[in-house]
Each structure stands twice: as C-alpha cells, then as structure tokens.
C-alpha cells in the first residue's frame, strides 16, 4: 500500500495494510516483531549497493521534492498513450531526440547529435555514440526507427506522422533516414522533441493493444533517473549513475532522488512549500505573490507576473451558434472584457494579459505589432458598445441587454469547470463585464467532464480553454485555433468550430515553411491578421508556468535575467523544455 | 406487631401543586397478617405501597412514621432505606411482567441481587429451587431469560425472588390484576402459602379487586381519597360493612348468579374529589347518601368493634 | 435467531443488488463518455486515430456490448473481484486503486468509530449520573456533534498544523520517508494519522455520549430498574444493568451511523489530503472516472454491509431477545 | 442515513430507543391537549429558549441582512485579504469580497437547504412510516425492506455520486437529493409510533365512523405525533445543513449561489489556512455549528417539555 | 340477527407471513335482537378477535357472517359504512378510545361529518342530548371537556351514546368495563341491560364470568379460539359441562365463597364427569360415528364442532390441547 518498488505485490501490500491498521489503532506492540533487517526497498534495482545504507528516509540533502505535476497516484509508466503516465516518464526516464528551450527558442540535440534536411523530403538524423538503456542494452538507430514505426499503429498518438512520413530507415547504428511524402517542417521539429525514444528490445514484444494498456511497471529508459518507488501519493525517481550523458556530456544530476508528490490540492502544496517539505512546486498557488514578496518562496520573476507564461487562456465562442458566428459580435465581446481586473483580482498579478495574437511571450519576436495595432483589441467598453450598435445589436425589449439584429434575445452561458477556482472567478468577471456593455452572459460551472463533453461536441455558447501551450513554433497555436476540418468531435483544437479554408491553408503553409525564413514571418503575419480580424478565439491572459521554489535545500533556481535560466517546470512535456536543465543546474544549499 | 403506620402523609409534587395522595393514614399490620387494601383508582393505595418501600422522585414524605419490627423506617432517605429493603420490606410490583432485566438470565440476576446484599447465591440456591418448585416452576427457569417465560411464570418467579430473604413485610401491588382467572387463583394461593410457610411474616396486598382480597386477605383496609375509610377482617368487610362507601362498593359488585333482570345493582354516583385541594372533612360526603353537617369535620378512624375500624360519623 | 439473521441477510442481499444495480446504472444515465475522455486526453486530431482509439477503449471498458450483456458482465466481473479499469489512472485496475487506498481509510475509521463509541458511551453514562456533568457535557456534546466534519478538521489543521506546527496536515506519511518496519516510520504514520482521526473521533463522540445519556435515563426509569431499587440493589448494580441494556440500541446505532461516519471520513480525508478513499472519491469525481467512482462506492457499500452484518451478529450474541423465537405473536 | 446528519440519530431512533420521545411513547393520557401547558414549559425551558433565540437570530440575519449590506457577496468590494474591520466586520477574501456579505447570503442557502432537505425527508419518511405502520401486512414488509435497504446504503456516498453524475448544482436540487436519502430513520421511527397509535381504540372508533384511511392518518394519527414530528423535523433540518455543507465543501455545492459550505470550500481552495485568513473559514463553520447545535439543544429541551420524565432529571 | 358460521381467523406471523397463528377456529354463534350474548374467555382465547371481526376491524380468514340474513363476511368501504349504521362497538379502554388531544365532542363531530352532514346544528344538538340522556349523562358536564377530565365510566357511557346516535341494532361491547372502577362498572352494565330492553342485540366480550353472568342471556365460552360450550346463561353457569368451563368457574374469586368452598362444592360434579367426554357421548347417542377426531395429533381437528347436549346447551370435545387426550378416547 505504501510504496511499490517494482511489480505490485498485492498480498504483501494487504498484509502490510492489516498490520498497519493495528499500529494505527493505537496498538504499538507490532514494532518489536518487525524483522530486524529492514527489507531493502531497492533490492530489485540493480547495482544499488549504496542504497543499502538507506534507513527509513530519503536523505534530505540528496533529495529533491517536487509537486504540481500529477493529480493522481502514478499508475502507468507507459509513455506511448501520451497522457496519464507518471511525471518524469518523458524526460527523466525516457528521452527525446532533441530538447527545446522555450526561452531561447532553440532546439538542442539530445539523444541525437544532430539532424538535417538532406533533401526536400529527407531528413537524416545522427545519434550520439555510447547511448545505453538502463538495463545495459545499447540505444541505437533501430530504436529510433522502431519508435517512429509505432505510429503505424492507429491508436498510437503520433500515428498521424504517417500521413506525411513515407519511410523511416536506420542506415547505420547511429543514423536514421526519414523520407517524407509531405514535409511539414514545423510539425517535424515538434515531433523531434516531444516523442520519447522507446526500447525496441522491450516494447517490440508488445501487442498492439498492449501499446496503450501495458502499465509498464518495470520501465527501462535511457534517462538520468530510473524508477525507484511509487506510492499512492508520490513517485520516487532515483539517479541513474550509469547515465550516458555522464560520460558523453559530462552531466551529473546533483540530487540522488526526486520525490514527486502527488497533488491533492493547491493549498496542501502551499502548506508543504511553506514548511520546507517541497523544493519545487509547479502548482498554481493563490496568494503566492504575497509570499514571494515576503521572501518565503522564490519565483522566476521578482515581481509581477512572477511566473513565465505557459499558454494563453482563450475565450472560445461557439461559432455554430448565433450571435457568436458574427465576427462583429466577437469583436465587441472581446473589447468588453477587462482582463486587467482578472489579472489583478483573480490571480493577484500572477499572470499577465495576453497579446492579441494569442502567442505566448516566448514568441514575442513573432508578434506582428503592426497587425496588432491595426486589428488587435483592447478593453474598451465604449467601443464594444458602438460596435454592437453599428452591427445592429440593440436593446429592443428594454431589459438592459441587447438583442440580435433579428430581434432574438441573447442569453449566453460561459462554462468553466467547477472547482477550477481561478477560472471560475475569472468567468464571473467576464460575465459581469460583458453584461456591462449589454451582452447578457452568465457564468456557469458544470463538472470538468461536462465541460469536456460540451467542448468536444460543440454544445456550448462560450467557454475558456488553454489547451495550446508553449512549443517550438507559433504554428501549434494557430493550428489549435484554426484547425480544419470541423468534425463532429473536436478534441484538440478549433473548439469554436470556426470554418475558413483560407485561414487553414495559411496555417498549413506555415507548417511547411522552415523557421527563420522570410516566408515564415510573412505567412505568420498573415495568419495573425486573420486571427485578429476573425477572432476564432479570444486570447485573454497567459496561464503561468507555475513554479515556486523553496531555497532552503536547493539553490540556483532559474530566475529572470540569468544566463542559464530554463523553464523550471516538471509537467509532462516540459521536462525536455527546460525542466531537466533546471535540475542539472541545482546546487545543494549547504 | 410487624408494621405500625402512624399518620403517614406522602404527597406528589406536580406543577399545579401537591397532590395529597396519602393524607394521614394510621394502621397496623400484625405478624402473620395478610392485609388487603382496596379502593378506587387514585385513592392512594398504590402510593401507600410505594411509600413503604421506595419513594419515587416525585413523591415526598410529608409526615408520619412507619415502624417495622420496632425499627422506624427512614422513608425519606433513599440511601438509608436501602438497608431495610428486601431483607425487611420487599415488593412484588404491579409491573411484574417487566420487572426483570430482559438481557440477563434470571439466575444471574438473582445472583447479582443477592451479592449486593452480601448473600452467596450458592448458599441460597437449594432454598430458591425448593420455592420455585413450590410455585410450580422448574428450576431451569434460572437459566432462562425473562422473555422465555409466560406472564404467570414471571409473576411466580418474582414472587419467589422478592421473598427469597424472608422479609418481614411483603407488599404486593396489583399482583393479580393482569392475570387470567386461573393464574390469578394460582398466584393468590401462592401468596397465602408463602405466608403460611413463613417466607414472609406479613403482607400487604393492594388490589382494586375486592373479591380477590376476600380470598387471600385476613383483614381488608378500604381507602378513599387518601384517607382510610374502613378496616376489618375480610369476612366482616364483605358481610357487614359499616362505612357507607364500603357498603356501596360491595353492593356494586355482582356475584356469580346475580342477574340484571332479577336484581339490579347500583354503582356510586360521582367522582372522588381532587387531591390537589381536597375538601375538609369527610372526603366521601359529596357522594354519600348519609352525609350530614357533621361530615364537614373529618371523622376519626376509630375502632368500633374488635378489629373493626371505620371513619364515619354515621357509624355509632 | 435464525429468523432474525435470515431477515437481515435478506435485507443485505437486497441492498447489495440494489446498490450494484444503481451503481451500474447511474453512469450510464449520465452525460459524459469515459472513452471520449481517454481519447480527448491524448489530444489527437486525426479521424482515423480518434476512431481506432475510441474503438480500442470501448473494448477495454466493455462498452461495445448490448446493455443487458454489460449488466451481466458487470456482475460476473464483480464476482471475480474485477471492478473494471480506471479512466483517470488508466490502465490501473480499479480494484487495485481502491485496495491501495482502503487501509488509510480503515486506519482512521475503525479506531475513530470504536474509540468514539466506547468513550462516548462511557461519557454518556457518566453524564447520566451527575447533574453537573450532564449540564456541562450535554451542550458541549451537542455543539461538537453539530460541527461539520470538515470545519473541525480545518480548525485542527489550522491550529495544530499550521499555527502550532505540532502535526503535519497532509499526506499519509512524510514524503521523505521510505515505508519500513521502524519506530520512526510508525511514529510518522501516527503523526499524520492523529489529526484526521481526531476530527472524526470528536464529532462522533458527542453523538454517542448524548445517545447513551438519554438511553441510560430511560433505562433507569424502566421497571426492572425500579424493581432492583425496590429490592435494595445498590445504584452501582442498577447502573450496570441500565448500561448493559442501553448498549443494545447503541450497537444498532453503530450500524446506522457507519454510513454517516464514512461520509465524515471522506470529507476529513480531503481536508488532510489523506490518501484514503475520500480523496479517491473526490479525484474520481473531478476526473469523471465513472469506473473508479463505481468501484469505490461498491467497495464502501460492501464494507458497510459487512460491518452491519458483524454488528448484527454481535447484537444477536448480546441480546437474548433476538435469540428466542418468542417475539412476534400478534393476537 | 445520511452523511453528517443527526449524529444525534442514535438517540433519535425512537423505534428502538427513546432518545426522542413523543407523547405517544411517554404514554401520558393527560394534558396532551393542553397546548398552553406545552408552551408554558417550552418557554420556560432554557434549552428551548437558547436554541430558539440563536436559530431565529441567524434566520433574521439571513433574511434581513442583505437589506443593510452595501456589497453583493461576490463583489470585489474592498482591499484583498483585509482582516475584520468596521467596514468589513468579517474581513475580506483574497479577491476583496466582503466575507460578511457572503456569510449572510450563505445563511439563506443554509436555511433553505435545511428547510427543503428536512422537509423532503420528513414528507417521504412520514408518508412511508405512516403507511407502513398503519396498513401493516405485506405493504409494511415491503416498505420496511425498502427502508432497511436505503438505510444500509451509505447515503453520503450515494449523494456524492448523484451530485457528481447529475451535475445539477442548485440549492433546491441539493436539498432534494439530501431529502431522498435521509428519510429512512424517520420512516422507521414514525412507523413504530404509528404502530403504537394504531392499536389505540380511537383509531378503531374512527373506522367505525366510516372514515377512510387517509382521513384517519391525517386527522387522528398525525395530530398525536405533532410534537414528535416536529422534533424529527428539527433533527432532519440540522442533518440536511450538515450534509449540504459537506457536499459544498468537497466542491459539489451549488454553482451559482453562496453557501456556508461553499465559503469553507473557497477559503481552503484559496489557501486561507496558510495565508492566515482565519476570518474567512471560521465564521461559516461556526455559523453552521451554532445553528445546528442550537437546533439539537432545542430538541433536547423540547424532549424535556414533551416528556415529563426527562423534565424531572 | 347476527350469525357467525364457522368463522376462522389466521394471523400470518414471521418473515413475510411464513407461519400461521390460528386465533379463531370454527366459531359459530348468533345474536338476536333484544338479547345480550356474552363471549367469555381468557386472554388469547380469541374473544376480542371475534368482536373485531364482527366490527370489520379485522378480516376473517374463513367461515361466514350474516346480518339479518345478508352475507356481511366481506364488505367494501362503502358497504362497510352502511353496515356501521347498524352495528357499532365500544372498547375496553375508555381513555384510549378518545384522541387525547381533542375534546370529547370531536368524537360526535366525526360521526356527524361522516353520516349526517345534512343535519342542522340544532337538530344535531337535540339528537345528541337525547343520546346523552339515554346514557344518563348531563350534556353540560361532558361537552367541551378533554377526555382526561372525565372518568372512565363517563367516557364509556359517552361512547355508548355515540353508538346510539346511529340507529344501531347490534352493539359489540369489547371488555367495556374491565378498566373501570368497581364503583362505576355496574352502571355501565346496567346501561347494557337497558339497551337490551330497547331491542338492541349486544355481543358482550368479557373475561369476567360474574359480569358475563349479570347481564347476558346466553354465553359462549371460548378456549384457544374455539367454542367449547355455549348456551343459556343459567344453564352454563349452573351446570357447566366442559371441563374448561368448570375450571374457569372454579377460579372465579367469589365474594361470598372461598375457593376452597367452591372446590368442595364442585368435587361431586368433577367426580361424576371424570374420564368422560360428554361431547362424544352425545354424538354417539345421536347415532353418529366419531371418526378420528378424538385422536388427531394436533388437538381437536377442525370440523369437530359442538353438540347439543341439552336443549340450547352445546358442548365441544373435552380434549383441550394436542398433548391432552380426550378422556373418552381411552
């Protein structure tokens, strides 16, 4: 019941439970009868001579405590399904070919030594030498090819790769050649750092079904950490002392253990943070601004917005319904919302207002400020009212709210998952602001699942969504915003069901354009203009890359202005975007 | 002289004032005597029975004394009374059906009770078994729970249990009222038998059923509205009552063979006075056909012939 | 006795069937689709991927069969101890997830229930004895009973946890510890256990004390108490008997209260982030994990039923009235 | 059985235990008609008085309070995280909302939930209890079985599930659900009371007067149990409030209303404990405790009034 | 007027009525206008059950009941209302017969609402006065009072007055005096006698033989749900045939004779009847065969009724219980 070392041992767990039950019941006689030699929790992990010294606890000075990444007991170490796996699975245990630094916007070779487009349709990837799996097997080009080929199984999340990839071939133990039918440079870069390379010698034996359902309880990766133990409320990683990067790159993890605490709630994390039991919290902690100001915790920025931005939170109008299908209405709605009020009150300044382009500040260089100046919206209630009036929205029945030009009553519901307190609070403000210019909006808080359903099936008026996070390319955000075709179920983007082939062509062009080229900027400007004029989604503020540190045990956390500052986030998908580097840079406090 | 009650007053506290349920009664019970107390409901007979052994929380001892075997009973002092209970005064309650703890075996309960009186169960056991047999019970009732016994059996167990320490005085409160005639007869006869065996020295049997008293009692005391009306040997009370109340009461009882067509009996009109503020004088006078001016004064309870006491001005 | 137990067993059997059926039915009547949840989580966009993932998960959750067959399968799986697969913690089996959490919940519930029952009954019996104690204990008891579980928990967490720092306010044991047989670990477990236990214990305590006090007073007024008193039995013996008899309804009450205390335990666990069933329930709700929620409920129902059954057997052992067939005649 | 409901229920299981005793159980044939006497004792019973004053006080505050408030409960009315002051007697939340305004609004929901939830449970429980107790026979067996089944199912867990699945989040709906799962002990108690009343001759006489079942229940049985039913309702009222608070607290409360449970939920979610905003989470809990506690204490008082035996204690 | 023929009552007990309790077996009797029939038996004899069945407060399980030749065994709600116009009852506990929270007047009001909604207030009042006068009650003493303010005797008479408001022909008086004080009992009994004189039929249920004797014309002795003896009051009391009747009579506490005296008187008769079963003797005398009824394992089998031993005086088999054999069988 407490910590599982490798495979689950149901009966033992139950026996332990029974004995513990007795202990808990106040009977303290059990302790004496416990085996004198404490069972070594690491016995199953190999080469862990030193671990036998461990008695009872993870030495504080060698352990990093983190939280804010997972909300349930870790239950799967299978990286293939793309979600649901234990935190650190991607990045700490399994590794991608490249890492991406969202601060410098650079793609850095990781397992790969490099890669280049050898032709319009071919990409050649070179692996590093001396890569090994944690069980001692060599990691080679076959593993990379295997990983890519897994996508041929429909249910594997990267199966769409094969709609534009033609062939993958390991040309030598360290080189792989990818041949494309439709090269999408932006999407490919994305694949390179988001996909974990998997061991063929293990997963090659799995059936198609197992690819999704095998919990992979004895995971063998290539990364800096290996599976140590798991409990209901924690995931424990232990340093892989045979990590390839030690010899190849001279990198060494400063901490021996990472204990990732499963979240139950933000206030629990805050409590742990304040008591020094947590070193890094990637939770949204309300009120942390006051604690940061008083020096009890540290954050990336000294003052507002304290946090790096991770994704924009967008107001999604359902464009299959009137009046959201009217762009004038959307423009008016956008101008009615006082985002500053949300930032100041609901978030206490922990977030910042979104740029009208919707792109996160990391992509600041891509902002087309001219377009923004011309087409972007800002809070202006008067302008909102006049847009409404010009478009024929008038309060014909005198209830204080406008009707559509056809005279239909407007009564919109803004849905936000119940329990998402910051968004709920924000939704209330939005509803109030919209109502102030005459658009009747009420905030409603169904269950998270109901919101998901509504979003997927299009059964809503307005909702808030922040699914498109930071990435290597602005393309991901616009792909999210404009995605076509509109299907019965929209699961990954274009929840507002905006339909415009022209816009979608632009986005696809963007995908096929290499970054840094003038064509890229040009296409991007066109996309931004389209976005701001049509407003398929209304970007409101940036959800933070929530990270707060307690420096009592570990120091040298990333802060603004430091040369080697990385995204200090351990969320799944963010480890290879700075999380790992943040760990590498840490230093013991003493 | 087993029991001497002198001017005993026991009242009930209520919100409206004190109910003078027992308002000065004086009588004696001789050794070996079974005295029956009869009267309408609310006449104070049950109060009297209770007063002699245990006042409940609402009762208060206002005056008078009770002397049992030359010892004055500390009626008002519950703790001091405890010493006298069971060994000297014992009780067969009205509620004999529910008098035993439903979750204890009968033997176990007796054992607990005895040890509380420092009597060893094993010493008493043979006598206990003998008495159970005497009342027609198997000794295995001791290993049973009260719920397993019938009403008549429980009544008899209580009879045996209450008299186990051979008390001087046994108070039987409506002992037979809830029973069918056949069980009534058995229990009533057992009472007499117990007295005859000397298990109890004397007995006060309280019941509203005069015909039962006639069967078991040596003397009968008739009460009316907290006062004594008449006391005489059983036969005398039935055949030659003096007090008009007694007369009317007996006259209202049909005997087997009395027929409505042949001989109409009559009841007593009216109701007893409220005991919150009982009228001065004879309390029966409102219903009494013989009432006259003198009755405004309370008549003394005096002996008019050998063992025959009556409280009525009309009786010379 | 056989009649009594047969009747009880019938009730329990029926309850079980009803609970299982309800349990099976509710999620199927609700909006929301676990398969969609799983697919949405992977955030895929391509129709073929969506279709094949949907297909796969439908098979996994057994949702591709006719409804009646799903129902039968549910029962069949139930008897194999298979409660399905968690959506939230895919692919962990629900039974495993629940079993992992159960010891924590039992660990606070069993001691809290038993101790509060024992202590509460003693306090109640004492209160019935002394007017002074009665006047003090009773209002306090009522106020404690009237406290929402979580509020007491919050107060305890705030007072002893945050303000005084005596006890930790989250988790089952320190995150820096490796579970093992050692005093320090046991002590740590105990430390994390104290506050959740206490909040549960205190609220339940008041109810038992009050119940006992009232019952004792009634028992002391009963005929057998009066009879004992009339026969000169000391107060001690009378109280002993009264206490003994008053225990019987309290035993029944214990069975009736299980559900309530369980509700309290769930809420308390949430406050203290205690890794038991309460947190599981909350997470299952928040993550729309029907299967986990179902499994947890089922487990709880079975637990309550079993506990009820045990209590019934105890009751039969202590109350002779249930053992004799003499009850129930009508004429 | 319900959630955080009358833990006083062990004593309240009148079927088996006499914790709450109506006039029926006390069996007094005197003075029951005497309403004035009941009032006389009720108004002189300190427990009843204290309970009544506290509950009515909160009720008045809930009803009249909003008239005197300057801020709506959700308004960003003042500085964030302000401790209690003259302007904001209970301080403000992280967003600068007036805690006192929220408290007052929460009181309304609290009373509403108590009233409705208790009412629904009372109506169901009493109906089933009356019918089962009065009709007897197979109907009684079946209703009894139903009662026992619902009694054994841990109501709070079912409530959680229903709330979670149905996702209808309003105070009246919540009250309805609570009512649906808290009636069994009422049904049991009312049934046993009805059983004992049914054997009274005046019921037979009513039947001999050609009166139908419904009329008998309404005109003969129920009036005899008014005091008992009232006390039952008081317990249900308190129980509903506690249950609702628990549901609100774990985030299954009404989404567009303020309630005391929701206040605690928000306080905890916004880290009031760690940020030291005690004024945010103390009042709502204290309010519930005082209301429910007063109800319970009032109930004891009423018990003493209706049942002279206890009055002597 | 009222005739019961082989009336049966079986109670279902146990879980879902799995076991039977036979409370009344094969009871046949009749009540005529202007007579009092006493139903005498100890507790559990089924006497009250019979009374309740006659009043349709309980359903019968077998046999028939006729009233003036009309079958009234099963009645619907409406028919029952009409039946109650002619047949009424008074019960044992006068206090429990009144809803304690209402004034006694309400009992009459209920009746009025139900049966005489058209009758005007003054008309009703005069009827009420008549009825009260018939039971010798002063309206002013009674009306507007709560039950606890009146005596048991007054209440019982009130209830009889209530029955008289309807033009009843049969009154079922179920132990109506057993809870009254001795001083008022007789008045109620006398009232029954008076009503009988007015032509009312009365079924008087009692456990008290002397009271039964006092008013009744005929008596029916019940034992464990079965009629063991029935006949003219004087015949049964003067010459009890069935051993149970004799036991019962011997147990009655008399006011003029002690139990010992009674037993001595009875000794001769007991002697005479020892080892005999008059039922079987009579049956054989009538030339009928006995069959197995005397030896049946579970007591007297159903279908074994009474035999007319002497004119109007019926008696059943002497066998009282399963374990007891019929004295004639040996």
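Note that the chains are named A, B, C, D and E in the order they appear, and that numbering of residues resets to 1 at the start of each chain.
By our rule, a residue touches a chain if its C-beta (ideal position, glycine included) is under 8 Å from a C-beta of that chain, and two chains touch if they have at least 3 such contacts.
Treat the numbers as computed from the prediction; the structure is a model and nothing was measured.
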Legend entry - Number of hops, chain A to chain E, where each hop joins two touching chains: 2
Inset, instruction - Report which of B-E and D-E is connected by more C-beta pairs in contact. - result: B-E
Legend entry - Centroid comparison with chain E (C-alpha atoms), farthest chain: A
Legend entry - Whole-Å separation of chain centres (CA-atom averages), chain A against chain C: 37
Legend entry - Cα-centroid distance, chain C relative to chain D, in whole angstrom: 22
Inset, instruction - Report the inter-chain centroid distance for chain A and chain B in whole angstrom, where each centroid is the mean of the CA atoms. - result: 91
Legend entry - Length of the line joining the C-alpha centres of chain B and chain C, rounded to whole Å: 55
Legend entry - Shared-contact residues (touching 2 or more other chains) in chain C: 10, 31, 162, 169, 270, 285-286
Inset, instruction - Mark out which residues of chain D touch at least two other chains, giving numbers and ranges. - result: 164, 167, 251, 268, 273-274
Legend entry - Sites on chain D touched by chain E in the complex: 23, 29-34, 137-138, 141, 200-202, 204-212, 219-220, 223-224
Legend entry - Interface residues, chain C side, partner chain D - complex: 10-12, 14-15, 18-19, 22-23, 26-27, 29-31, 131, 134, 138-139, 142-143, 145-152, 154-155, 157-158, 162, 169, 203-204, 206-208, 210-211, 214-215, 217-218, 221, 249-250, 252-254, 256-260, 262-264, 266-267, 270-271, 281-282, 285-286, 290, 293, 296-297, 300-301, 304-305, 308
Inset, instruction - Would you pull the chain A residues touching chain C in the complex into a rising list? - result: 1-3, 8, 10, 13-14, 16-18, 20-21, 23-26, 28, 30-31, 34-35, 38-39, 41, 54-58, 60, 63, 65, 71-73, 75-76, 78, 81-84, 154-155, 157, 159-160, 163, 209, 212-215, 229, 231-234, 259, 261, 264-265, 268, 271-272, 275, 277, 419, 447-450, 452-453, 456, 467, 483, 487, 489, 491-493
Legend entry - Complex contacts: residues of chain D adjacent to chain C: 1-11, 13, 16-19, 145, 148-149, 151-158, 160-162, 164-167, 185, 238, 242-243, 245-246, 249-252, 261, 264, 268, 273-274, 276, 278, 281-282, 284-286, 288-297, 300, 303, 309-310, 313
Legend entry - Touch list for chain D against partner chain A, complex: 74, 76, 80-81, 94-96, 164, 167, 169, 251, 255-256, 266, 268-275
